[in-house]
């Protein structure tokens, strides 16, 4: 029982970060059909900028804000300088563009920052909370709470505001969106900015637990992508479910099956899920129209 | 008294995709309150021309003036703000969003109060939409989708409505209904530029028409005159 | 006639010597390091150290009166790249010797190339297979992972424990040290009761630690470098596991203490003397060398010293010494001189090489440290 | 002469010419070594180009097959005492068999789902290579014995330059033949519309499986060549980044273009060597170059340049 | 026994009944038109018969053999070919190659021979090419054979699809709105084409909105409404059926239907 709770929380914490990355993937994918492999770099920027801003003497909240701003600016630049000029290119070409962008951002980060690992202090102390005999980090609760707040906020934005609906409209039909007077370039930029912000917040929340360095983005992008696909791409709920599930899978696989093959177990499950449900868990099962 | 300035004036317009020039120097004008019809074979450049007017396709040469102002430098959403609204070919609804959301998004550039009034007006025009306001637009039947698309355009309060193939893929009874709606809109003071496959129906409705042939205007005149033109009849109307 | 000519030649040579020094070709020393990628925190200080000291050597007049020219490539931690760069150093840059190879994998990939070309190669990686069996032109400066296992187990026994729970990374150094520890354990009377792994980049190891907890282990040994050990250390404390925790020399830099935070308190590890330079007794032969290096590095690079840079320092100095001793840049002669190294005091220990020992360090080169009050404490 | 045959001769001629010219222009052993790496990568990229460019199926795990070919070549002699060449053949068979087994369920997936499934497959292969230390040597890699043929040791960059170059030429010839055949047309057709292809009688699932197996075999062949040539392999050959690199080669060179795959392989193999000039800025410049190439030559280098040339030519 | 026979086809998508108890039969050389308002299930019926959708009830028989639920490529091999309402063209290929793909079933494929480019493969290519050129000439696209399909105008693509379907040498040809989006002149060409195909003994089933076309060329007409059969008979019978006029034709359609007579 203790072990179960322990594994559950470990999985949820990791999964929450995957979920945030997957959510970023989904948002940009919905608005532009671009699978943004630079999504992990936003998480890296969130953590790294906060670390270096705090080293420069800023208090945590200000440093975090700065980090989000830097990530958002990076996201906007990515959109303006790489995605926008490549408009009309094929899906795979756009993927390669974002991979190029991710190498570029990482390359710049290793110059601007350094190549070492860094930590942030936990927001509310390191003293574990005891729950059913298991030890839960206060920072884990920050991660879970933060992720939940982001998901809720995003949901309200998309469902309840006209601007949010404009984003969904652009996702559904870009031409029609332009024709009703939506500036789709702004909407796309918005999607990149929001994705970057989500990623950065994830990075800030999780760095006290996981540490960070200029290179942490690649792996997160990979896992986030897998999570987004597991849930069914283009579906924000799917992204969150996929992320949490992937985190739990890894955690329980490590705890109960084999820590060596824990990533293998996770990907094996993804493969099996896709074989059974080719559109992911919550993806739209569109009947092909001919 | 000189004739009033045209609402839309297109001069020497050229545009196309890639290496293909689909519209090769077109002049036309539409006056306030008219129904104007653009007919011609598939691939003649009708849709391309409409896309250039609404701004989703960049032009290569020529000018477009709307209400006396040059608009060729404006982006599509800015043209919507000026009152040029296109109902695209194939409806292009926001399929996963509800009918009401589709309509409200039509008024994306307008104030909230007028949106409510407009919504009531559209629902009055198309009562079937009111009944299904919470249904995802993608689940509507073909005719209802066309109504929704026209309704969405009306939400923007257009001065010039660009209608691209509103009858495409619809059963004959529905075509009649849609065309009747177009005639009714003229009565409400909306200027309409109509592109139609169904040339006879379109021209019999239109005050003014053009026959487009491989990117150039081949015949122009009042709708009636074009319908009676033997050359047009033989080549385009199949009569 | 022949003789006269020779004498004349020699005279001319000695006369022209100062000119010759200026005009002489620089000695090219090559290096391939993992400056970026997962081992960048090793490769980066290594690169800085090499550049720093080559500059210092050149400023002091060079070697054999010739300047050193350093050619460094970044293999990004990829062994295949390392091999290509090794070839490039040999074929294209025509270096006389190589000091580099951040990881065991990159080193092993490069060895055949450099051996074929008969180029002396001093590796900066830990794996024991680099020098065992001995390869004619391959040397290394860091302690091996096997030595770390032995040192740790020695300490474990001293404290009266025998049951060890291993946790290691699946990649590179961690994997290789795990293998060595598993091999050494029975010899040292140690029982490995748990053997858990995690992937590089993993951010949570509590599932694995839970299993160790359940296995009845008395101490935990973590084999890895980079951020993994910091996460393990934090996780151990977070789970409230009250077991002694050992790390390896792979974490021997101040950043580990920063990363692990208060959780690092009480962690033990075998490491080179450099980390505790100030605490060394004055009669310690290494004291001067490590203090010198530490101050030089920290004052110029504005970052805390690590033992990894020290390995590069040792490698470069060993090589320079050998070239001077050999009086030549011929590969075989340098190799012979390297093999004859005796009593070289480096940051890693006192090096005594032989034709059968291309590392020249013994267990005494390792010190047992414990982290106390956020700093290294020399135990013995 | 049919247009298909003309293109075939043109492409093979161009490749052959480059093959002959490189040793004349860049005679250093290091250059030849890099060139041999280019040819090896090009073989793998070619297979992927058939899968991606011809049939429109993405694989983000293709390096996994390369890894199988490479490790079979390394492990056969070590554990089973097999001849390296024989081991390589076994590796190629193994990769083909694996592709055949998992191909059907995986290729039912579309677009990004296919991407993530192949990604998973690649990661699983990589994971096995990393984890099974007693067999594979783990992350530190493993030495590969020298290849001996009829008692002659095959060593030296010149020799390997020719071995790999001629293999590439053969691989390209086979690929070009496939392109201009019934199966090739079926593959190109299903790229545009699987439904239309199926209603004219193309067994879409089978056609995709065939090209997937061919692509896997090409990759495994490249992996085997790499192992023999490099004489050292690490699990990196099967890693995710290698897979991405292969995809980038295909896309940057120009999807669906045989020559493009070779150009892409050349660019991505040579570029990192050239970029060592930039030292710390190496990665930033690499990332930037990829973006610029894709933005300005979005169909890929070969088709992009071809389009430029034809546009310049007066009509 | 008819050449192609569908009986009691029923299918639902997410609870919505798209087809319910629909059937038809055609004989060699016969032209059957299926008409009905949008959403009546015409295309769905096509998709069921050609194996793209799996029906929940009913059966399809081809030459008396049960072919229900067989995949499209197997049905194609049995002699069923079709075109699509929304064009399904291989845009990366030339017009000629599009039709050559249609020869797929008539080509012998041995992967090894293809990889090695053996003479037998080259001969096969030549044969397919020659046949495809003939078919392009038949639909009036001979001089555009080498052009990329993406460069052809809409009307030409409609005919290209027909040529591709004919390349399979089908016993039954199913055309989904062959004249949609075509101007009257193009429509007439298609009209002639269909009659020529039927005259050669191929059964033609078509879905079409253009009443003039339907009335001119059909032997029989099946009217669907909301997934159910509404009427069936000769063009004359159907267009004077009050239910059909009410549900579908309307004033304009009726005019057109009579104009064609």
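Order as written gives the chain letters A, B, C, D and E; numbering starts at 1 within each chain.
FYI, a residue touches a chain if its C-beta (ideal position, glycine included) is under 8 Å from a C-beta of that chain, and two chains touch if they have at least 3 such contacts.
Here the structure is a predicted model, which means the values were calculated and not measured.
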{"item": "Leftover contact groups, counting everything except subunit B", "value": "one piece"}
{"item": "Chain whose mean Cα position lies farthest from subunit E", "value": "C"}
{"item": "For subunit A paired with subunit C, centre-to-centre distance based on mean C-alpha positions, whole Å", "value": "37"}
{"item": "Between subunit B and subunit E, centroid-to-centroid distance (C-alpha), Å", "value": "32"}
{"item": "Gap in Å, rounded to a whole number, between the CA centres of subunit C and subunit B", "value": "74"}
{"item": "Interface hub residues of subunit D, defined as touching at least two other chains", "value": "131, 195, 282-283"}
{"item": "Shared-contact residues (touching 2 or more other chains) in subunit E", "value": "52, 84, 88"}
{"item": "Set of subunit B residues in contact with two or more other chains", "value": "none"}
{"item": "Residues of subunit B touching subunit E in the complex", "value": "20, 40-43, 141-143, 168-176, 197, 199, 201, 235-238"}
{"item": "Subunit A residues touching subunit B - in the complex, by the definition given at the top", "value": "162, 165-166, 168-169, 172-173, 175-185"}
{"item": "Subunit D contact footprint on subunit C (complex, rising order)", "value": "36, 73-74, 78-81, 83-84, 87-88, 90-92, 103-105, 108-109, 112, 127, 129, 170-172, 175-176, 179, 197"}
{"item": "Parts of subunit D lying in touch with subunit E, wherever the complex brings them together", "value": "2-5, 8, 173-174, 176-178, 180-186, 188-189, 191-193, 195-204, 210, 256"}
{"item": "In the complex with subunit A, residue positions of subunit B that touch it", "value": "54-56, 75-77, 80-81, 85-88, 92-97, 101-102, 104-106, 108-109, 152-153, 155-156"}
